[in-house]
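Shared chain: subunit A. Partners: subunit B in the first complex, subunit C in the second.
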Partner chain A sequence: MTMSGIAFPSPRRRKRKQSGWRGLLYIAPAMALVTMFFVLPVLFTVWMSLHKWPLLGTPAWIGLGNYVRMVSDARFMTALGFTAHYTIIVTIAIFAVAFPLAIFVEKQRPLISVYRTIIFLPVVVGLASASLLWVWLANVDSGLFTPLMQRLGLTNGRINLLATFDAAFLTIIAMVVWKIAGFTMIILVTGLQAIPTELTEAARIDGAGRWQRFRYLTLPLMRRTMALALILSVTGSILAFDQFYIMTSGGPQNRMISVVYYIFNQSFVSFNLGYGAALSIALLAILVAISVVQLWLLKVGEDRP
Partner chain B sequence: MRTRSEIRARKATWDRLAYHGIGIGTAFFFLAPFVVTFLSSFRPNSESGTPPLPPWPRSGISFDAYRALDGFGSGIWQHMFNSLVVSIGTVLLTVAVSVLAGYGFSRYRFPFKNVLFVLVIATLMIPFQSILTPLFIILARLGLNNSLFGLMLVYVTLQLPFSVFMMRNAFDAVPKEIEEAARIDGARDLRLLVRVLLPLVMPGIATVSIFAFLNAWNEFFAALVLLSSNDNYTLPVLMTAVRAGRLGAINWGAVQAGVAVMVVPCLIVFLLLQRYYMRGLMAGAVK
Partner chain C sequence: MLKRLLAATTLAYGLGLSVASAETISMWVRTGIGDSFKEVVKAYNAKGEDKVELTEVPFSELVQKYATAIAGGQAPDALSLDLIYTPAFAAAGQLENLTDWAKSLPYFNSLSPSHVKLGTYEDKVYGLPLSVETSIFAWNKELYRKAGLDPEKAPKTWEEITANAEKIRALGDDTYGFYFSGGGCGGCMIFTFTPLVWGAGADILSADSKKATLDTPEMRKAVDIYRNLVAKDTVPAGSASDNGVNFLTFTNGRIGQQSIGAFAIGTLVTQHPEIDFGVTLIPGVDGKPSSFAGGDNFVVTKGTPKLETVKKFLEYIYSMDGQKMMAKYGSLPTRGDIAGEVLAGLDPRLKVGIEAIAVAKTPYTLQFNDLINSSNGPWATFINAAIFGDDVDGAFSNAQSEMQSIIDAGQ
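What follows is the complex of A and B.
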């Protein structure tokens, strides 16, 4: 090149230039996959949502027609309401179980790693497997819960747990808590262990009781961790599908259709692909909004540590 | 009169009893569903429809439930094979792609590096459930609809944000001096990466592999949508057929056996490689 006359800077410059495209070469496979199976589909979803898009035949441009339809779609609103209801209840339930567990397994004691591992086991199996396992346990004729409760004298006669909305809802909540609590527990433990022991010691010496220490020391210091656990639980619950599909098939009386389930029905059962795409965009907007709230929550946690 | 030390010793004993009491009780609640299912899956046909009280087989161990499971779809071996192919393929591809990308992001400078890295990580914010319809169409255009390879590519993409992040951190942790020494010895580029650096980032690779395996093995929604022919079903999709039953009757023995087949590999992988799994969880949580 032109600078070959200058002895010193030239090899350096050439090396940097070379590493420029070489670096891109290393990340190329990853970028190709992300482009092909992520960026493109996201853009495509937006495009599809502006069309009436049947499985066969040509799509027709209808502008914002799908979005107009969505606003007046009572079944979608029901699905949104149900998903919100489920998300709130299941998140409270998970925290109510995971927080005491986290406090229980936090300290180093004999056998603690065994207890911790066992509590964590359901996390590593699939949600589909867990749903399948629990739908059997909850079955009225061949399951475990109904006869067990009857034998213990807790219920009069046989109760079909999956036949009424309330009982089926409770069963699914119990299954999800069993499956997820260990995960939330581990996240909370990392937060608990990050609290310096000197602080708790100092508070104890100053005469703060157990509850006071928890309320005024542990909870404020856990803010960041709790925000993280909360967001993971909320976003996970909003996307719930497997448990409703496998355990109740959206029943009883189609009252357990979550948003993802409704999108699935519209797109892959009724084949309204365009409308399904518009619903997906709505779901996406909700989740991005929640991610923004997440960042804000984490920031608030940083401001007041 | 009891001495002080006696009282203290007694209190410590009570504390320990209460601690292990709570521990065993909790462990029981989390372990029982697995144990009940495993034991029940070895009951003969005559017992499999009855409540698991007691859960163990009363008239000798039988493989009826597994035989019944084999009668669904294209046979349990075929579907186990499908699940294994997809999971192991996902692991290998994820490791290959994320090692290269992690190395590139850690060691090279190139235009738009930060933008591209953020783009890879940002995909975490968008749930794949919302882009399944276009994925379905794109895979069809590529001739990869209803194919295990197509499903594998989707799973690899889903693993990338976490895996690239992990591998970049792993390479960041390797001292530059090692690389320079190897370079002086004449090792370059891919050879340097494979021979010198790969052994040093093995823990990161283990973490990436476990998460890729478990997620691919357990994934249900994408498999349900993207696979359309019986022969290609992975285990979770096959199980929907078992769950639906035949002529209105559900063979619960087959359900128990199916759960056992799906759950046991996860538990074994986790128990063997727990350390690496937890590392990944912490890395994700701290971030």
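What follows is the complex of A and C.
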């Protein structure tokens, strides 16, 4: 760099510097909010995680003790395993339902807004309310499913859907798909609608079949939308809590304890707030890692149009 | 002149009194302990002096809600606390020391001893008995009659109960012989199921609460009895996932027999007069009866500015009126000196609840929530796995080792 460059900055450069400050000013409110409601709480959680922090009484510094304990905590590992199992199954189920629905409601056809509304309606119900509704639906005596199946002769006698792991798990998956698929569908529809019709037409003229058009045109152009839907779905599933807490209180014989449920139990049932904080930090790290891997796998952000 | 002065004094006194007595204290009570406390509060508020504002908190969440409220400075003035938790909260320094006042009460020595014992920590009194309840066995006389059984004959053994359950189940689709909340309700099951092993002399914890002693021949026998009841289809399918919400299923009139609490006698008598039922002690696995002595302690949050008002309310509860009102709705008298008078003219079935006190036990451990009451704790899990699962041995060994590890971690 020349002397003149330092001593006499060019007017253009000064301008850029100025606009940098202005940009910072514009994002300052957002930064303040993020700092106050995300960064500070996370830092405080990190601070707590380094203590033995009972709900009542005084905290004591134990350094990395909580993290060491976590590695050999069998129940935490079980919770991680169950959450992974749940996330994989529920994400596949949501996409398997949402993608066909998106393709169905994307095209203009009679009564399409009615269909869209009906499919989207469960999304606006809170997850806790939806869980309570399904607890009733799945109730063995006064619910809907069990007596209905019995009447139709599908089952011999009354089956308690929430009493065995497989049936309860299936019920919860069905509930979550019913509740979430509409939301994923809306995201996918926006992606589908962003594909220019000229491209599809050109492909059709070139003689591409329906499957080929889907595989080589629609899917690649939907990549970014898919990434968004996938990340939202995976993150949401990893953070699942309400449905297990409300519908099965942790499931038959504790087999449905998700990671967040375990953190809740540690913090507010056993009152180990410090250990709960350490588990939360671990979960945050896992979520960030998974999201980064997903973005990388789907190559989002590499190619700009 | 004198008259005027007197009038003025009276007026001033009246004003002063109304200012002082316009206080409202906030109190929490857990759900599922019947209506006795609610009714006492109603009667107290109707007197038009101080007011008690009652908040009902789900029984399974009371401890964490109260602990969180203390940490957040939002705790109620006083609380109806499951007596089992009094030592833990007193040890944490969150309760008001009531020793001097309590010992000045003329009837202090006749208050329910197990409650006072659990309410005392390091020789200071932090909790006083509010409600006393024992677990008992109830049967529906109407269904006994229909099934051709003698409605006045109380079953004495589990063989008898099982045989009766089968006969009642034979009555039809929606009529069942037995019920229990087996879906992760640790509190319900320690209350109704452990008397089976206690009666036979076994226990799930060692006397000093340092060892888990779950796997005993007595417990195996008790589990077998319940498994058999389930296998013979005498228990509704909903039992396997009932986390305590439907604990009082007996009140629907289609359950032949169930172990319930003495509080439920009050609920049944006052709210379900149509149900004709009898009560007896819960037989142990070898026929010797036992019971769980539970109930609530009255505790005061440390530093409440309304201590005097709270004391006045508690004195009302201990008065003859208060005790009678509590007993009418199923809480057994907490004052031994007037128990006979309080129960006079009330439902004779409450006497069974009193008899149960003599054979009853109360577990003492600071880790009650982690071990027993938590719906994801080892005891709740064990109940569901051992009674409804396929692997009884696995259920025993898992629960035994998990209980021990929780006890060890807490030392």
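Assume the second predicted complex is superposed on the first by the 256 of 305 C-alpha atoms of A that agree within 3 Å, B and C clash if a C-alpha of one lies under 4 Å from a C-alpha of the other, contacts with A are read in each partner's own complex, and residues count from 1 in each chain.
We take it that a contact is a pair of C-beta atoms (placed from the backbone, for glycine too) under 8 Å apart; a residue touches a chain by one contact, two chains touch by 3 or more.
These numbers were taken from a predicted model, which means no experiment stands behind them.
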Message: I'd like to know which partner A:L56 touches here: subunit B for first, subunit C for second, both or neither.
response: second
- prompt: So, A:T248: does it touch subunit B (first), subunit C (second), both, or neither?
  reply: second
Task: Scan A:F268 for contacts with subunit B and subunit C and give back first, second, both or neither.
output: both
Message: Tell me which touches more residues of subunit A here: subunit C or subunit B.
response: B
Query: Where does A:N139 make contact in the superposed view: on subunit B (first), on subunit C (second), on both, or on neither?
result: both
Message: Tell me the contact category for A:L162 with respect to subunit B and subunit C: first, second, both or neither.
response: second
- prompt: Is A:I257 contacted by the first partner subunit B, the second partner subunit C, both or neither?
  reply: second
Message: A:A277 in the overlay: touching subunit B, subunit C, both, or neither? Say first, second, both or neither.
response: first
Query: Which subunit A residues are contacted by subunit C in one complex and by subunit B in the other?
result: 139, 141, 268
Task: Write out the stretch or stretches of subunit B touching subunit A in their complex.
output: 19-20, 22-23, 26-27, 29-31, 33-34, 36-37, 48-53, 55, 96-98, 100-101, 103-105, 107-111, 113, 116, 119-120, 123, 125-127, 129-135, 137-138, 153-154, 156-157, 160, 164, 189, 214, 217-221, 224-225, 236, 239-240, 243, 250, 252, 255-256, 258-259, 262-263, 266-267, 269-271, 274, 277-278, 281-282, 285-286
- prompt: subunit A touches which residues of subunit C in the complex?
  reply: 64, 67-68, 70-71, 89, 92-94, 183-184, 236-238, 240-241, 243, 369-370, 374-376, 381, 384-385, 388-389, 395
- prompt: In their complex, what parts of subunit A are in touch with subunit C?
  reply: 54-57, 139-141, 158-160, 162-163, 168, 248-250, 252-254, 257, 261, 265, 268-271
Task: Flag every residue of subunit A that touches subunit B in the complex, lowest number first.
output: 16, 19-27, 29-31, 33-34, 36-42, 44-45, 48, 101, 104, 109, 111-112, 114-115, 117-119, 121-122, 124-129, 132-137, 139, 141-144, 146-148, 151, 178, 182-183, 186-187, 190, 225, 228, 235, 239, 241-242, 245-246, 260, 263-264, 267-268, 273, 276-277, 280-281, 283-284, 287-288, 291
